[in-house]
Amino acid sequence: MIPYVLKRLAGFVATLLAAAAVTFLLLDALPGDPARFILGINASPEAVQALRLQLGLEAPPLERFIRWIGGMLQGDFGLSYTQGAPVSALIAERLAVTFPLALAAMVISIAIGLPLGILAARRRGSLADTGLMMLAQLGVAVPNFWFGMLLVLLFSVTLRWLPPGGFVPWDENAWGAIRSLVLPSFALALPQAAILARVMRTALVDVQSADYIRTARAKGLTMGEAVWRHGVRNALLPVLTILGLQFAFLVAGTIIVENVFYLPGLGRLIFTAISERDLILVRGAIIVLVVGVTLTMLVVDLLYGLVDPRLRVRRASR
Amino acid sequence: MSLLEVKGLGIAFSGRPVVEGLDLTLAPSERLGVIGESGSGKSLTALAIAGLLPDTAERTGTILFEGSPLPEDEATMARLRGKRIGMVFQEPMSALNPLMQVGEQIAEAIFLSGDRVGYGTQVLALLDEVGLEPQHRRRYPHELSGGQRQRVMIAMALASRPDLLIADEPTSALDLVTQRQVLDLLDRLARNRRMALLFISHDLKAVAALCPRIMVMQAGRVVEAGPREAILGHPRERYTRMLVGAARFRIHTLANAPMGDPLFTARQISRRFESPSLLFLPRRAGTLAVDAVSLTLRRAESVALVGPSGCGKSTLARIIVGLDRATDGTMQFDRTVYHGSDLPGALRPDISLVFQDPFGSFNPRLRIGASVSEPLRLLPDLDEAARRRRVADMVEAVGLSPDMLSRYPHQFSGGQRQRFAIARALVTRPRLVVLDEPVSALDVSVRGEVLALLHRLRADFGLTYLVISHDLDMVRALADRVLVMSAGRIVEEGRPAKLFEKPEHEQTRALLAARLPEL
Amino acid sequence: MQFPIKTVLYAAVASLVLIGAAQAQRTDIRIGVVLEPPALDPTAGAAEAIDIVVYQNIFEGLTRVDETGAVQPGLATDWTISEDGLTYTFNLAEGVTFHDGTPFSAEDVVFTFERILADDSVNAQKALYAPIESVTAIDAATVEIVLERPSGMFLFDIGRGDAVIVSPATADTNATDPVGTGPFRFVQWNRGSRIQLARYEEYWGELPALTEASYHFIGDTAAGINALLAEEVDGFNNFASESIALFEADPRFKVLVGTTEGEIIMATNNRQPPFDDLRVRQALAHAIDRQALIDGVSNGFGVPIGSHFAPHHPYYVDLTGTYPHDLEAARALLAEAGFPDGFSTAMKLPPVNYARLGGQILASQFAEIGVTVELINVEWAQWLTDVLTNKDYDLSIVAHVEPFDIGIYADPDYYFGYDDADFQAIISELSTTTDDARRRELAVAAQTRLAEQAVNGFLYQLPQIGVWNAKVEGQWVDSPIEGVVLRDIRWVD
Amino acid sequence: MSIRDHWAGRALRHPSFVIGLLGTLAFIGLALLSAVWTPHVVDRVNIAARFAPLFGDYLLGTDHLGRDIASMLMRGALTSLTVAAVAVGIGLVIGVPLGLAAAIVGGPFEWLILRVNDFLFAFPALIVAVLITTLFGPGATNAMLAIGIFNIPVFARVARGGALSLKSLDYVAAARLAGLSSLAIARKHLLPNIASLVIVQATIQLSLGILAEAGLSYVGLGTQPPGTSLGLMLRDAQSIFLLHPHLAMVPGLAIMFIVVSLNLAGDGLRDLIDPRLRKEGLPRVAA
């Protein structure tokens, strides 16, 4: 197992370094000057220049890049230009919304997607199967900001069960925080659940025609028992691959859903920070997002190694 | 009362019949061999008996097990299968659950057959009975060789002490030596456990070696059935006669081996494979696939390189034709010295290779003509007309017609494709042709023709052959001289007749022993 | 576990009390705003979003501007102005404390103005306070400010958010933890979500009715509508115009339509040909159909303007008739100026609704007189660099929200590129006279000059469309200065 | 050619494929038609005719600027399709060669390409879109670039997977024996055989591109006025949904219709061209 893990870790670190470098370069090339933005229309050039010095925008790019990376390793992401607060605090505050949202969406999509996929596979060809698969087709096709709004109109405006948006901080009222995450995570989870259902169904249907299932039936298991004891675990492999990719889509989705439900998430932070040219905040936030996505892919890779012995155990001698 | 009685069995898929009017009876501990080519419906018959037909199949006729018909409802049929019938399938690669240790999979079979306690020791007993070591039980399928995996399958089938063992092509995916060991194992087990055996195969010699009674099937019908001596001795049906004839090779060795001057010599060729190491960790010691091999091929000579799978013969072949590079040692073709993939372009037309699997050797998206003329790129000075004429000549030389060139590979049979493969190898008029298991993937009936073709082409074009194989009968029909390889080294050399009478090296003896008795 | 009789009893009693309390008047308010402020120090940032939260709520100036735009006493209860209009003596209120308890004194006023005028000051409106020569504390409760030259707007300018009085102890941290003397103190800021204020019980003046106030940041209009309809938010001070019909028809809500200090103009680069030719600018003025623009962009909400002046201001004069919507006249003027079949130009639009929609409507209106307009959408930061700083533009649409800012046309290198001696004379006299009648005359003259010169396309005044819970009173209908003043807001039955 | 008639024969017995194909072709037809003709001039602002009702003198009514919804739908479909198509093009042109090269060359070069893949993947399309639009200003072209960049790793992954399974086959070795260079082998032998894999993935990425464009337009980074796209129409209509529901319903349903059609066509294509494909359980990568 060790060489497999080390290989994956090396890849993880390399991807992160590349991401940091590209983010830094891209943002440095952005036109527009943060100091001018803070001081507004009528500010005098001297005031703008004073602020630029104060924010350290004048140092050469490479030096700033090294300082930034060094700082990040010790958890210091620098100070935000516009809000003056440490970037790491700002990000942590927003992460307390985006991370549980993405996690909840992932859990919901698995909780809905997998059972439906298994149900559809078990009743292959029946009405339930075609019905579920049509539903899955629709699930993928609905733009999530539109679906989100329809959810709000039904559950908040008409039924008044859940808040239409906004976020009650965890420390103030944990239950309120959970309530404000329910609708957004469902809006986010819908397309992912649809994809998971389709992949699970296809995987299970393929598994049913696999040779080792026939062997298991020969040993005295019924088709259902054989699929359950042998098939599901093998069917999990393609599902795991999709799960690994899905976190990246969830992150993209959160940015839109945070807008629809006006949640103080990392996505919106990046948006406002970019339009306000708060580059140091943008850089920090993007890196956190990229780490989140690559970390999940690493975890899924390692899980893959765990589930599939073929990856971690040496091949038979020739 | 017979153990198994099948009356008027019919299997059809959406109306199209695949098996019709099949009758078969099997007494307890009796053995029946079913012989038939691919597509004859023999495997479907076995699946029908075990109640494993796919749900899209429509079954007619009756199957009685100890007098009572097979239960309709799946659960009871599954329990019956588990307790009374054992099955072994053809593809060892995919027949075992890749994610579960083999010991566990055997234990599950024991658990299902009823005795819930002490199955740990039973697993060890079964492993031992099928010739595997105790530590194998913690291995995963991909860590075992084909033969070992087939033994695990057999152990699983025996777990429930079945009265009937159905073996569907159990050895056709194995190399000859392992094949013989598995057949002997099945024979011994059937006798010790007094199990009835339904042995299905396309290899007549394997069926004849194991079963006193034989049933011949063709296109879903039983052509002939009866005791072994009757079927082999004086077959009544024409199809059976053709099958028996094809299984016996006409041995025709050349009167005197032509003693041309040496065309190709290899000096101390070795090939080491490094294990995949991480970027930073030190490289671990690799395995030595070919170990200091030296050989010479004379002009127009046909030499065979034989050995069990994994002895390095294919690796050596790849190095000789320039697909791979030797880690050390040199080779000389005519006056040019090379190490493998550094074979100069000018010499490439002179050496060519015929692959084993006819299905994988042609690009499905290209017309067969384009594939056959591809090697002509090595002869840039040929103009278009000369190019087309040469391809047409070669296609006719291998017994096919040029107007087939515009068709696609999937429109030809295995035999025809192998002929096209040979035409492609000869289109550049090579002097040395390396043949990697040229006929082992073909149906028995077609093998004879292809071997005869190879024989004629060698005579017509004065070709030098290097034939790679593990099938001694085929080798004796084609080669003037035989080199026996084992674990990367050539251990014995000689004329086929001498080797067959007085084998010296124990590897050669093992290969000879693996041959099935003549019909 | 023995059944917790006691706890159940308490719960029952508590819930009864709660229900009882629900009938009593609510004293908390939740206000929706579209933009979140980048920081909370009004003296170190120009964003309007800052003043909306803090102006007259957390911070106070010497004077304060009321709902009509008039100047009222603030921390200075009364003041005297010398004959030559150069020396102002302010008497400060007694017993005033900052929210952190430190007492307020004249020293704080001196510190505040020295901080604004310092070389490294980052105050956005530093130019307004340039005329100040000295600020001296006569005694703990009296401050004297001496000017270099008289300034008609001085009392108004020190009432703006940029000149609120800050304490030296907390000046540097006001951006994230504002401490002022106002009726509400800062409680908590959950970034991206909301800011909470609470009534400052030791406030020196009259205590406001509200005990708690929170601002909720909702950028998306549809989300805002849902928040109002689900009664998660009690009102928006200035809401998008497209769904107002929804709230006018709903008895739970009331809609207050007023104006702001924001003039929406079609900025024209007077130095860039062909716009340096007065006839071309006049032709464009004739081609603009203001009412169609207002209907299209803000669903009919908004007052057309003929010059750069807020209609709710006492000195306002209606000059929309200077160049009435007349396509024939426009085509004639273009021909006269040498463009018989029009010309093509480009319009850079910042990322706001009135600009992006307005641009499309103006483009289709100009197309009718042969002027083809290419629309280029830019981010704010890019607009500030391209248009404002480098003057690299032909036309643009933007709102100038600074109160009484007609003076910007007197600066020749301001991005309009307008350099007119007569106008500059009017403005310089206006800024130095304090007599009201004379100021009105000058203001009218300035407005008329700009209108005739058609310096820019004067479109309409940015409306303030307030959508509130029907049971809330005391909000300002107009907003003569940036801010949502909570002082008078209360719940009624 | 025998593959086509055999293929068309089986196509008719594959209902969902036929529905998907017809839906897609109808949609593309309408979109292309809008380039030459639309019921009304698409971007003519006519305030007086705002919010005209359904089936009045404007078939699908008019929007908040008085523009005819039907014409906007057709032109919007054209923009959405072009954005998604160009994005797929970018993914194809860069992703597929990368994937093939990784499979053939292998070793550290393959490791590098896989890392670039992961890196490109880790950047959510929206963040890339935001960065690009702030660099070059928002607009349809930048949406194409952003979604295109997101497609590259998808196609690279598909191409590499396909090529790896073919690389060990004999006809590739035969080609190498015939002296073909790696590049020639990739072009002549590998590319045609992974074509079906790539085509299927292209249809799926096309449908996801349309959704991504809608997402970008929703946050104001996709197509900019006066241009129009389905996403932009949906965003503008979202805030007046309660007053004029049909303004949001029409673009929303149009997006769903084209995405479902494309997915059905894609899956149908996969089953028809290469049944073996489905067996490999190629995980459908969705954005």
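Some notes on this structure:
The letters A, B, C and D name the chains in turn, as written, and every chain counts its residues from 1.
As a convention for this text, a contact is a pair of C-beta atoms (placed from the backbone, for glycine too) under 8 Å apart; a residue touches a chain by one contact, two chains touch by 3 or more.
As the structure is a prediction and not an experimental result, all values here were calculated from the model.
In terms of the distance between Cα centroids, chain A is separated most widely from B. Chain pair with the larger contact count among A-D and B-D is A-D, by C-beta pairs in contact.
Separating the centre of chain A from that of chain D, both taken as means of CA atoms, is a distance of 22 Å. Centre-to-centre separation between chain C and chain D, using Cα means, comes to 45 Å.
Between chain A and chain C, the centres computed from C-alpha atoms are 39 Å apart. Counting partner chains per residue, chain A shows two or more touched chains at residues 30-32, 149, 153, 259, 275.
Annotation for chain C: residues touching 2 or more other chains are 220, 222, 229, 351, 379, 381-382. Shown for chain B are the residues in touch with two or more other chains, namely 279. Working note: touching chain pairs come out as A-B, A-C, A-D, B-D, C-D. Considering their complex, residues 3, 6-7, 10, 210-212, 214-223, 225, 229-230, 233-234, 307-310, 313-318 of chain A touch chain B. Per the touch definition, chain A reaches chain C in the complex via residues 30-33, 36-44, 46-47, 50-51, 82-85, 90, 93-94, 97, 149, 152-153, 156-157, 160, 163-167, 169, 259-265, 268-269, 272, 275-278. Of all residues in chain D, those touching chain B in their complex are 2-3, 108, 169-171, 173-180, 188-189, 192-193, 195. On the chain C side of its complex with chain A, the touching residues are 36, 38-39, 45-47, 119-127, 175-176, 190-194, 216-220, 222-223, 226-227, 229-230, 232, 351, 379-382, 384-385, 388-389, 400, 402, 408. Looking at the complex, you find that chain C touches chain D at residues 220-222, 225, 229, 240, 242-243, 245-246, 292, 295-296, 299, 351, 356-357, 359-361, 363-364, 375-379, 381-382.
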